[in-house]
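When the chains are written out, they are named A, B and C in that same order, and each has its own residue count from 1.
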Amino acid sequence: MNGASTGRKSLPIDPNTHEPLPPVRQPGYYPGYSTLAQQTFWDAKTRSVILHRVNHTPPIRFFDSEQAALMKAVCDRIIPQDDRDPAYRIPIVNYIDERLHEDKIDGFRYENMPADRDVYRLGLQAIDMLAQDRGGLRFVNLDARRQDEVLKSIHDGNAPAAQEIWNHMSIQRFWKGLVSDCASAYYSHPWAWDEIGFGGPAYPRGYMRLEGGEPEPWEVDEVRYEWQTPPDSLSDVYEPAGGDSEQKGHPGQGGTH
Amino acid sequence: MQSFAEQNRSAAATVEGEFQAIYDDIREGRFERGLALMAGLSSILSGLEVGYEHYRAGYGNPIMYSPVLLSGVLTGVGIWASFGGKAGRKALRITSAITLLDSVTGFCFHIRGIQRKPGGWRIPIVNIVMGPPIFAPLLFGTSAYLGLLGSYMRRGDAPESDNIAARQGAIGTNWKQELREGRFQKHVAAVTVFWSFFSGFEACYSHYKNNFKYKVQWTPVLLTPVLMATAAASIPSRTVAKKILPAVSIVTIANGSIGFYYHARGIVRRPGGLKKWIYNVMYGPPIFAPLLFAACGTLGLLASILRREPK
Amino acid sequence: MRRFRDTDEVDYCIVGVGSAGGVLLQRLSRAGFQVVGIEAGPFWDTERDWVSDEKGSHQLYWTDLRITGGEHPLSLGENNSGKGVGGGSVHWAAFAPRFHPSDFRVYTEDGVGADWPISYDDLKPYYELLEREIPIAGPAYFPWGDPHGYPYGPHPMGGVGNSLIRGCTKLGIRVSAGGPVAILSGSRGDRPHCIYRGFCIQGCKVGAKASTLITHVPNALESGGEVRDCSMASRIELGPDRRVKGVHYFDREGREHFQKAKAVIVSGYAIETPRLLLNSACPGFSAGLANSSGTLGRYLMAQAGNVILGRFDHLVRLYKAPPAHAMTEEFYETDPKRGFARGFAIQTVGPLPIAFAKQMMVAKGAWGWGMRRVMMDYNHWSSIAVLGEILPWADNRVELASETDQFGIPVAKVTFNLHDNDKKLIEFGKNKVMEVMWAAGAEDVVQEDRYAHLVGASRMGSDPETSVVDRFGRTHDIANLFVCDGSVLPTQGSANPGLTIQALAARTADYLISQGDRIFNSNSRDMTQPPIRYNLSPPGTFWKGMPRMT
């Protein structure tokens, strides 16, 4: 279900052997940990919602096939899953498509932004324009390195080749919206929870070991390993999104308080 | 002029004599004042513990005040009874009985509390660990139990003949008479079995909650079955009661004391340490719990000293 | 539940059954009035409707369209407004501190912001009453503001609270462990105590975290009050006598109704309350109902809510324990040395994976493999937030946008700008929290700008020229129209507003009850404060909890 259509390899590297780490069912530092294995301890409603998420990949209804392929390529770089066994990749594009198809929004729209559906239509156009500018190819046909260059130029707020699109919407807000949507889709999935060691649903059974990072009896201890980002990637550098300061101010959205 | 050695010897003899006297008194059931005092003082500890545990839970049910109030009363009455008055004795008996009743009531409420937690008995481990401490109310009854024993014992200054006279009065024996005379070794041994189970069970799940982070946290859990087995074996076997039970009991007391040290250290080492001592006493390792575990050892020791019930 | 007909002229129609609406509905129906609460969202069945899942809890928030703008636009919905019975109290993190006495006279003391028309002492008995009704768990002695204790004992610490306590202790900052939060530390009646699962802001399925849905609404229904859910109020009808006649609303099928009422109380919170009043503009009130002052929709406030994230070498597992469990108000009051007015609080937060990923996106600029890598360290991070007072400014406001919602009602447009004092305060606050995080032993510290809570936009005051409602929540313009919710707050302090909103609602209810029929048939205003009524609490809340210490 993952595009890996080109079959290209963009795998993390083992720093000791300098060999690519083969794709696995569950990356991360919590070997054998499974939130889904705990589903008998979840309440019925939560279980049905989570199992539906896992077992029913929503069909693509909002994007047309070309847009869907482009979105697929974009999402594969924004939340890369090359280190995952293809059968255990999380269908990010389908979740985003579902949201747009149902026209679900977060409860607001920036005054200088179009509606979410238009943001995606315009944004995808812009990405292809940037790809053309960079290599004369559609984004889907660029190699991983070039694709990252295109995306990084948006992250940096410095993508003049698509200026006509940015005249209609803020480049920074587009970028943050896109990354937010990808991250929300990926980290809402139990396989991602297993990867990061999150406890998952916790009702009616709560937690006993609140302090000291101790695992619950059904959680597992962390077993760290070193890995290097694939050499053809540009996304392992942490620098706040760039651009002019007025648009840079992007307050957080996810509910914390 | 006596040599130092002689002086020491005679001093030792005096001390030994003192011990012998206490030992005899206990064997003969002449330590009702001591027991009353023990009941009173230990009630301070259990009162404090139930006080802060119930405070944590916000006294959501008014009945949660009852053990706190009763432990205060029991402390007062225990001390009063330790002066040896008849009225004090009577009051101690009544207070202890009410407190025991309260502890059984509390046990029922705690079971109900676990049942009412989300998931109830379907997720027993989490709900026992995180719900109201299931055996704590029964442990709370320990002081009352001591008080009750004390109130039935004969007075420390009772004449030697009291024994025989009473024996002659009552053909055969009854439990009251045996209590009076300190003939209840089996009884106390049986009680030791139960109480060490309650206390060991608490240690087990509390340390489990803590993921047995330190190896030493296994010791009370491992010691509990040993103490239980020894105390149980003391019921049929006089030899076990006299030879093995005291040793195991002393190890238990030592273990409880070491645990007390570790728990105190754990509290000091928590974030905020002594600057937030009230909070850290409440939510750190339970400071009195190892002492309660040690109390089981004391009970075992008491059992080993007492005389056995006649066949 | 009792059902009134639209044609029944009820005594009170309350628009919005949230924090304030729930308390008002309970008080007024218990006192024997005929009351209908109109609520835009559903009447939750917590077991059937709610999930223990971050993504699946979106329905709790007001996610209908709003337009946001200004120099520092607020994000709306998810973290600051609820929809459904219980309103925001369904998804609050449940920190429940009181305001400080100084909050009620900010203008007098600092020359900025506004004074309240009431003092702390007017509200204090209601704080004490609500702390017991809700109830609030916290330390026996809370040293800031007017020092007081809490009726339920404090909660145990999670990993995040421990880092706050460690950091604060190291820096010599006093810190409150285990509260004050509106979460049960021990069971009460049918409500179990907390199971420390960390899903507070996804709606507490356990029933340990208080929301008016479980604390006040059940008693309101028992007392004869009605909650009409999935009903979106569109307009308040004004009669020729300049008294309101009732509320127009759309039911769940989209049919329009009109509920007649002798008096109307708007409890829609800081966005929907001004939106409804603006949408109710009519001849005589062309700029919005009860807006003769022109201040309706103005002086909207959000609190600075910068989240400071610290990575620790050891595991934290920040998803365990309620997000809200330790805090300090050591920097709450104005300190002239800092160069700005007012202050901030420091509180624990506990982002679940999606929220955390978004924070990493903003704070570190994470995406791609960098996002995957930092998320694999999710369990190593701790998160502490600033809760800073942003002052009320006239240009921070709610207006109507040209867009309409699914009912054809114009949606709200929110404009928000930070001013000089606010920027200085945020800068100082986030640096202080970063200092705490370093002191706690973090090896990497980053921060994200964000805002929390929304209040103001229909503020109370003594002067009809500069405020919308009087000290009891009655609009200056219309004698039988009231506003009672977070929007009446003239200033916001650095305390989470939930408890104050409920305390104000109980106080307004006491006033309405003491006025009796005069509200319904007279335009005169009796401004004497009625005595507090202790007999209107939901049953079974009185003899519970610790005796009060102060």
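Just so it is clear, contacts are C-beta pairs under 8 Å (C-beta built on N, C-alpha and C of every residue); 3 or more make two chains touch, one makes a residue touch a chain.
This is a predicted model, so every value here is computed, not measured.
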item: Chain contact graph, described as a line, ring, star, complete graph or other shape; value: complete
item: Distance-to-centre winner among chains (Cα means, whole assembly as reference); value: C
item: Between A-C and A-B, the pair with more C-beta contacts; value: A-C
item: Separation of subunit B from subunit C, taking each centre as the mean of its C-alpha atoms, in whole Å; value: 50
item: Gap in Å, rounded to a whole number, between the CA centres of subunit B and subunit A; value: 59
item: Whole-Å gap between the CA centroids of subunit A and subunit C; value: 32
item: Two or more partner chains touched - positions in subunit C; value: 156-157, 162, 195-196, 205-206
item: Multi-chain contact residues (two or more partners), subunit B; value: 117-118, 126, 130
item: For subunit A, residues contacting two or more additional chains; value: 203-206, 209, 212, 214-215
item: Partner subunit A, residues of subunit B touching it in the complex; value: 117-119, 122-123, 125-126, 129-130, 209-211, 213
item: Complex contact set, residues of subunit A against subunit B; value: 41, 203-206, 208-209, 212, 214-215, 217
item: Complex interface listing, subunit B residues touching subunit C; value: 54-62, 64, 113, 116-118, 126, 130, 270-273, 275-276, 278-279, 282-283
item: Partner subunit B, residues of subunit C touching it in the complex; value: 135, 137, 139-140, 151-154, 156-157, 162-163, 165-166, 169, 175, 177-178, 184-189, 192-193, 195-196, 205-206, 543-546
item: In the complex, subunit A residues that touch subunit C; value: 12, 27-29, 42-43, 45-46, 49-50, 53, 77-80, 104-112, 148, 151, 155, 176, 179-180, 183-184, 186-188, 192-193, 195-199, 201-207, 209-215, 222, 229-230, 233-241, 246, 249-257
